[in-house]
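Mind looking over this structure? Questions follow.
Should a chain be cited, it is by its letter among A, B, C and D, assigned in written order, with residues numbered from 1 in that chain.
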């Protein structure tokens, strides 16, 4: 992931490298194992029935979404502190991948809710704070993708990114308080806490491994893509200075 | 009886991750051509 | 007072200054000239500490602009095309706000307004209702109340009447007599050449000194 | 820093006083929102009464958003950012000054809306201490967060649309907290309201600190 000194002069013509190919292969194998255990080998839950299988992808997705947010805040802090563009791009990659997994978390949560609660949406504390998380991430991405100079975008986005994790914590706390005053239907306390064992636990574990590998692979590729985007933007600065100086020479010849 | 929701969730998970991955990789390939090799410092 | 060596300044990705060399001593009046787009305005904004110098050397009033731009800002006075004045506030409120922000004394504020002829009926007129020349006078009043060590003026004569232009020249001579340094750009060449001690021509983001 | 803050706050309030935009446009808008709620929720069915605290704070939030937009549109004149950077004002002072000015305008709006709610929705007012403390803390939180995100969006063509997107999700906990605290006060169980005041206090402090340290970098480079 760290841009290193070139080992060969001709770099790869994509965002891939030997390391990411190994990582990608591992992720694919893990996903295969996850399908095998999550959909075929593990039994249905006594109380939830088959819909417990949604948990094996839902819970890991929620976890990596939070990890992505954490990367965004961490990257933003280091960018503001050290002026490190590298970390700024990590923050950007983290936010975008986190957005993907937040959407996945929301959709799978709703699809789990329909057979369990009979409706797609209830104002469950976790579901609500995940929706708020999505809105906060979209705000960050809106600033980061502003049509403006890199410095302007990066600095403003970094302030928003810096406050992302504190905001997520405050929103979660407030939504928890807000809901728990009335009822307590959260995904985990309703389903998995009590009698999870054996193959089901192993399936969930496989889910964490597989989704984490996918997350890592996506972060590396998205980071490298952001790196390329930035290179394309700053490309040709030397040429621009030379052209500007040439203007001066022409000016001297023609008085 | 809930298999429909299970399959739908898994398809959405695998589909969206797959689509995002493909988009990222393809865009990476396209941009790579515009950047000189010495600035793509990974191997 | 001012020392630039190969200074590059970017506006976005455009190199508005493409390696400027410039040395200016204290108490001098220096005229910048050059065609539109030569980098005059960017040079003045750079010297005021508003634009980031990405390459080369840049020292203004003994402060290195590459490491510290903030401490220069309070000590210079920039008269730009844009005024930064609040349209809905009166002339007196505007001058008082900007001058007191720079820690000017109340008496300096009144003196500056009197000097620019803003002490009469104009005091209580909202800036939004002023003519271009009157706005320029208001900006100048804000500037002289701050007593800057380095005056940076982007076409100070533009929009002023005959009397106003004479007043500007007089203010600049007084400023240098009091120990300040002045750099101005102007298209009023006859008037400015009389006023200036030195002339620097900018073209394509590069400076050359006229002998 | 405090001196600069007072200078900026004084300037903003004087400008508001001279232009009277808050008085002539924002205040009537706030009252209009109250009337619209009454149209949407039939006043005879008791819905309005139950929802009063929530409606009140939604009205504060939306009219406060207008006041915030206004507070940044006066700084959007050509060259204003340059002038502020050259002025010698401490960026933290500018931030605090704008927070003060926006906060005072919000308080005025809240008083007006409070009178409006009491009269139009015939809400009996109880639990004064909790009501006042909630209003103060929520106002500081809204003004501080609004000013910080206001400058993130400032100077861009998309300013008017970007600010609500950034600000409203962040203020959702303030809306929840202030509404619950008001319900507790009006329902005669003030002890349930104080934890919410604490939560809003945390938000207010977070944004004051972030603004004091973040305003300087945000004023540069744009």
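The criterion applied here is as follows: a contact is a pair of C-beta atoms (placed from the backbone, for glycine too) under 8 Å apart; a residue touches a chain by one contact, two chains touch by 3 or more.
Just so we're on the same page, UniProt names per chain: A, B, C = Unannotated protein; D = Heme exporter protein B.
These figures come from a predicted structure and were not determined experimentally.
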item	value
Of all other chains, the one whose Cα centre sits farthest from chain A	C
Contact-richer chain pair [A-D vs A-B]	A-B
Mean-CA-position distance for chain D and chain A (Å)	32
Centre-to-centre distance between chain B and chain A (centres being mean Cα positions), rounded to whole Å	13
Mean-CA-position distance for chain D and chain C (Å)	38
Cα-centroid distance, chain B relative to chain C, in whole angstrom	53
Two or more partner chains touched - positions in chain B	none
Junction residues of chain C, two or more chains touched	none
Numbers and ranges of chain A residues touching at least 2 other chains	149
Every chain pair in contact, whichever chains are involved	A-B, A-C, A-D, C-D
List of chain A residues in touch with chain B within their complex	1, 3-19, 31, 35, 38-39, 49-51, 53-54, 57-58, 61, 100, 103-104, 107-108, 111-112, 114-115, 214, 217-218, 221-222, 224-225, 228-229, 231-232, 235
Residues on chain A engaged by chain D in the complex (per definition of touch)	80, 132, 135-136, 138-139, 142-143, 146, 148-149, 151-152, 155-156, 159-160, 162-163, 166-167, 170-171, 173-175, 177-178, 181
Touch list for chain B against partner chain A, complex	1-3, 5-6, 8-10, 12-14, 16-17, 20-21, 24-25, 27-29, 31-35, 37-43
Residues of chain C that touch chain D when the two form their complex	45, 48-50, 52, 73-74, 76, 78, 80-90, 93, 97-98, 100-103, 126
Residue numbers on chain D that touch chain C, as the complex places them	4, 7, 11, 14-15, 18-19, 74, 77-80, 82-89, 221
